[in-house]
Amino acid sequence: MTHMSVSGDSTIGDALLAGIDGSEIYALASQIFPICRSITGEGVRKTLANLGRILTLRLTEIPSGTPVFDWTIPREWTIRQAYIEDDAGRRVVDFRNNPLHVLNYSLPIRARLPLAELKKHIHTIAAQPTLIPYRTSYYAEQWGFCMAHALFEALHETHYNVVIDAALADGHLTYGEFFHRGASDNEVLLSAHICHPGQANDNCSGLALLSHLGARLSRQRTRYSYRIVFAPGTIGALAWLASNETGAARRIKHGLVLSCVGDSGGPTYKKTRRGNCFIDRVMVHVLMHASKTTTVLDFSPFGYDERQYCSPGFDLAVGLFQRSRFGSFPEYHTSADNLDLIGPEHLATSYRILCTAIDIIENDGRFLNLMPKGEPQLGRRGLYASLGGDPKAADTNLAMLWVLNMSDAKHSLLDIAERAGTPFSTIAEAARLLERHGLLQALPEAEPAN
Amino acid sequence: MTHMSVSGDSTIGDALLAGIDGSEIYALASQIFPICRSITGEGVRKTLANLGRILTLRLTEIPSGTPVFDWTIPREWTIRQAYIEDDAGRRVVDFRNNPLHVLNYSLPIRARLPLAELKKHIHTIAAQPTLIPYRTSYYAEQWGFCMAHALFEALHETHYNVVIDAALADGHLTYGEFFHRGASDNEVLLSAHICHPGQANDNCSGLALLSHLGARLSRQRTRYSYRIVFAPGTIGALAWLASNETGAARRIKHGLVLSCVGDSGGPTYKKTRRGNCFIDRVMVHVLMHASKTTTVLDFSPFGYDERQYCSPGFDLAVGLFQRSRFGSFPEYHTSADNLDLIGPEHLATSYRILCTAIDIIENDGRFLNLMPKGEPQLGRRGLYASLGGDPKAADTNLAMLWVLNMSDAKHSLLDIAERAGTPFSTIAEAARLLERHGLLQALPEAEPAN
Amino acid sequence: MTHMSVSGDSTIGDALLAGIDGSEIYALASQIFPICRSITGEGVRKTLANLGRILTLRLTEIPSGTPVFDWTIPREWTIRQAYIEDDAGRRVVDFRNNPLHVLNYSLPIRARLPLAELKKHIHTIAAQPTLIPYRTSYYAEQWGFCMAHALFEALHETHYNVVIDAALADGHLTYGEFFHRGASDNEVLLSAHICHPGQANDNCSGLALLSHLGARLSRQRTRYSYRIVFAPGTIGALAWLASNETGAARRIKHGLVLSCVGDSGGPTYKKTRRGNCFIDRVMVHVLMHASKTTTVLDFSPFGYDERQYCSPGFDLAVGLFQRSRFGSFPEYHTSADNLDLIGPEHLATSYRILCTAIDIIENDGRFLNLMPKGEPQLGRRGLYASLGGDPKAADTNLAMLWVLNMSDAKHSLLDIAERAGTPFSTIAEAARLLERHGLLQALPEAEPAN
C-alpha cells in the first residue's frame, strides 16, 4: 500500500479538512441560491459559472433532440418573467420574488382569465398554507403557477391577467465535471443535481460542498482519481451515463450522490443497489462513529440520481449521502427550503464525514504481521511507553493489538476497524506506528473491490 | 412464464376467491361435524362421501394388516353405541350426545361395575371441569369413557352399567384424494387430517376449506398440478406416502398441511424442515402482509402430518398453515372445539390467504428489463398518467420502479416483493403493465425451486 | 461413535462430577492463596508443588535469557522482605502482611527518603481508597510499593526507611503440565495462569478447579487426550507455545482458558478468534442452558492467554471461560480479590459447566435414522410407555422425535440440540435410547472439526 498521506501522520482527510469551517461552503450556496435553475437553460449555466470560480469544471452541452437511452434531450427552457395581476393591477405573485412561483418548464401564457379558470393552473399545499410548493412539468406540456395556499384561498372573484414570458426552443442540456487524476485510473464518483431552483438544502448545499472539496482535492496526491459531476436530475445523469458508458462509467469503483447536506437532521446513508459494496461499508462505518442519530437505509429505486447509476444496466457502486432524508423534512420541495434551513456548522460536519470516508477509500489496505506467533513485545519497543501521557493511549494500545491479531493478510484495516468497533483512523494510525517499528508489512493492493 | 390468469389482470387467486364469503365453507364444516370419525371405519367414509359432493374424490382403501413402513394398518373400528347408566337406569353419559364420550378406538365392554372400578376408565380434564376431553387409544388395547370433570366429581357411590358396543375387526383404512392436472406434472400438495370426531376447528375447518378450494381449482387452468389429500392423521399420511413413494411424492414441489383454519386466532405458519423452501417464503410473505398478528414458527417434529411429509426419508417442502397454533387454544381437543369456535369470516380469511399463496406459486417468475440503462421514461408511455386518479398510483409507480430495477434475470417477482416490502400482487401487477408496454420480457422458467 | 461413558446412561461428565461440591476446590484455592507468586521464582514452584499433590504435573524450567518468539525469558525474581518504616520505627506497610504491597518484580532498594521522594514510588487507587492495588513491572526496571489510598493520604511529613530485599538473577521460568491420554491424539487444552499473587478469583480459582478436574479425568477413559497447562501469564503461554509449536499445539482441537471462576457473577464466555469453532458452539450451548445471566463476548485481543493461543500465527480454537468478566468487577486486581470473593458453590457451578462441556466434546457425533420414512412407531416399542411415570417424559419424547427427524447423517447431536433448543444431555439420552432399540446407528467419526 502506498500511503498517499501528505506527510507523516496527517492524512488526506486532514489536509482536505484544514481550515474548512463551513462558512465558505455556506457563502457559495448563498451565492447560487437565487439563480432560477431548471434541467436546461441559462440558470444551469450561470450556476456552473459560479461553481467554476472555485474548482475547474469542464462543461458538456448536449443538443435538444439527442437520444439518451430511452429519453430525448428536451428543448431548452427560458423564463424571463411571470406574474398574476388582478384587475386592479395588483401583482398577486411575481416570479421575480421567488422562482418557485412559476411551474418549472411552464409553457408561455398571456391571458385574462376569470378566477375559476385561473385556479385550474395553480398549485398549492393545503397542509402547509404559508409555503410555496416547488413543482415541475418537464415532459407534459402545460402552464401553471405555485403559491401559498393561504394566498390562493384569499383570491377574490375577479379577472386576472396572467403572464408567463417563457420559451421552449431547441438548445442544450448542460452539465459540468471536475476531474482530479490520482495514481490509478480507478475513479471515485461524487454527483450532485444542479436543476432545482430556490432550494437551499436540495441542492445548493451539495453543489457548494462538492465544489470546495474538489478545489482542495486538486491540491492533493491521491490513490484514486476523483470525478465530480454536477448535472440536472435524471436526464442529466442519464446524459452523463450515455456519454461515458464505455469510459468513465466503467472506471468508477466507489461513488456517492450528495444532496440535502446542509440541514441539522440525519445523517442518512442510503445503500447501493448491491447493498454490500465497499462504499456501503465505508459510509456505514463513518456515519455510525460520527453520530448516534445515523439512519442507514436499504436501496430503493426512488430518490436521486443513484436511481440511474444503480439501474441494472450499470449497477454502479453508488450510494446516497444526506443529512435529513429527502421527502422526510417539512421544508422539502417548498419555499421553506431556503438559506435559513442550512447552516455552516452542518455543512462543515457533512464535509468532515466526506473527508473521513475519503481517508478510508485512500488508505484502506491489508498488512502482514511479521511477528505472528504470540504478541510481539510492544513495551520493549516503547510502543506502550511512548504513549504514556496521551489520553488516547489505551485506545491506541488496543488498536495495535487488533491490528497485530487480524493482520494475517486476509483482513484489511476497514475489516479490523469494523470488528474492533473502533474508528478507522485509530486503526490506521496504529498500523502506521507498527509498520514504522517493523512489526507490520503493507501488502500489495489487489484491484480495488467495490 | 406463461400467465395462467383467467383473463387480463384477474388472477387465478381472484378467480378462486370470486363469490366465496365463508358461509359455504362453514356450512360444509357443520354438515360433517356430527359424524363420529376415527382413523378407520364408517365415519371416515361418511365424511369423504359428504366432501365428495363438492369435489371429485378418488378413494383408496388399504386392508388391515398391510405394512406401512414401520407401522401396520390397524383393524377397523366400528362403534354402535356407548353409555354409562347408574343403578337407577339414568344415563350418565351417552355416545349419541357426543362422540367424544367414548375413548376413540375403545375395546367393547358390557359390565356392571362399582364406582371405584369405573373411575379407572374415565378421562377428564380437572382444569377445564365443564369440557369433555378428546382422547384416543389406537395402539394400546383398552376401553374407556371421557366426560366433564364436574360430572365425574358428582358421580355417587353405586354400581354402574357400562356399555361400549364396538368392534375391532379386519377392514380398511380409507383416504380420499382430489387431483387437478395443471400444465406441468409438478404438484402442489394440500393435506388435511380426517380422523378427529367432534372437533370443528381441528379439523372440519380444514376439510371443508380444501373441498371448496378443490372444487374451484378444477375449473381453472393452472401451471402446477394440485393434489388434495384427506387422510387419517399419522397412519393415513404414512399410508399415502407408502403408496406414492415413487410416484406423486416425488412430484411434490410445494405443500401445506392445513388444520384449525376456522377460529379467530393466528394466522400461524410453521416452516418446513428445510426452513427456506419456496413455500416457506411464500407463506411468510403472504401472512406478514395479511396480518399484524402473524406467527411464524420454525419446524419442529411435533404437530400434524408435516411430521411424516418432513421425515428425513422424504424431507418434502411441506409446511403447516393454521389460525391458532395447535395446543395453544383452550378449546383444543375438547368438546369446546365445536361449531361456535369457528366462523365463516375466519374461514373466508384463511381461504383468501391460501388463494394469495396460490397466486404466487402460479405466477412467480423472472423477467428481463429491456431498457436496463437508466430508468425508461414511464411518463411518455402514460404509465404515470394512466394511474392519475387511482389511489394505488403511488404504490404502483414505486412497484414499477422496483420491477425495472431488479429485473436483471436474477430476481423473481417474489424476490422483488420481499425486497420492496410490497405485496406480491402489486409487484406482479406492475410487471404485467410493464410487459404490455414492451419494457419487460418474461424469462423461460427453470425447474421450479422448492 | 464410541460411547466413552462409564457405564450405561451415566456419562463422563457425570463421573467427573460425582461427589464434587466445591469445598475441595475452595480448600485448594485457600491453600495456594497466600503464596507470593510472580511470572518466575519460588512462588510459582511452590504453587505447582501444592497442585501437584492433587494431580500429576510435569514441570518445565526454561532458563533466563532463552528467546521465546519476540520475547526473552526474564531473570528470576526473588523477594524476601519489603517494608516501609517511619522515623519512629513504625511499619507503614509490610510485605509479610500482603504480597501485593510490593510492586511485583520490583528492583531491590534500601534507603532513607523524605515523604515527597517516597511518594513517587507508591501505587494506590484513589477511587477505592481502602484497597491495595495489584501492580507489576516485569519489563521496566523500577522499584515500588502498593498501598491503600487512605493510608497513603495519611502519611505524615517525615523521613522513611524503605526496604525491598529482592533479587533479579538468572534462573528459570517454570510451568506445569498435566496430560491425560485418550483414545485419540487429538487434544483438549485447558489453561490457567499461575503468576498472580494474592488474587483468589484471578486465578487461584482456576488453578484449583482444573487441578481437581485433572485428577478425576485421569481416572476416566476418554475419546480426546486432555492437557492442562499452568503457566505464568503471557510469557509462560508464549514459552509453552514455543516449546510445543510443532507438537502438542498442532494437536489441540478445542481449548479453554479459565480464570475468575469462583465469584458469583457471570457466567461469561469469550469466543475464539475464529468465532465459530466447535468449542464456541459448545460453550454458548452450555452457558445458555445453565444460566439466564450468561454473557457471550466476541473475541478481542485483550484478556488472558487466549491472546497468545489466538495470535494469527497459531489461531487455535481456544476461548475464555469466566464467571465475572475480567476488569468488570470492582475487586479485580486489588486486595479485595481475596478468599471472601469466591465461594464453594460458585466453584462447583463452574466445575459443572466444564463437565457439561466435556460431555459434549466427548459424546457429540452423527447418527443415522434407520427408519427414515415417516416416524417409526415408538409406542409399539414401549418408548412412550416406558417413560410414563417420568416427569421428563414429554421432553424425552420430543427429544426422540428431534433425533429421529434430524439424524440424516448430516446433523450431529449438538446440531440437533441447538435446533431443538434442548440441552445436549436430553438429546444424547434420547439418541442412546433409540440406538438401543435399533432405530439409530452411530456413524463413524470424521476428523473432529474445531
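Note that the chains are named A, B and C in the order they appear, and that numbering of residues resets to 1 at the start of each chain.
One rule holds in what follows: a residue touches a chain if its C-beta (ideal position, glycine included) is under 8 Å from a C-beta of that chain, and two chains touch if they have at least 3 such contacts.
Note that the structure is a prediction, hence the values are computed from the model and not measured.
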Copies chain B and chain C - rotation angle from C-alpha fit, nearest 5 degrees: 120
Interface residue identity across copies chain A, chain C - same or different by half: different
Length of the line joining the C-alpha centres of chain A and chain C, rounded to whole Å: 53
Residues within chain A bordering two or more other chains: none
Touching residues on chain B, where the partner in the complex is chain A: 369, 371-377, 379-380, 385, 398, 401-402, 404-408, 419-420
Contacting residues of chain C [partner chain A, same complex]: 68-71, 139-140, 234, 237-238, 241-242, 245, 273, 298, 300-302, 307-308, 310-315
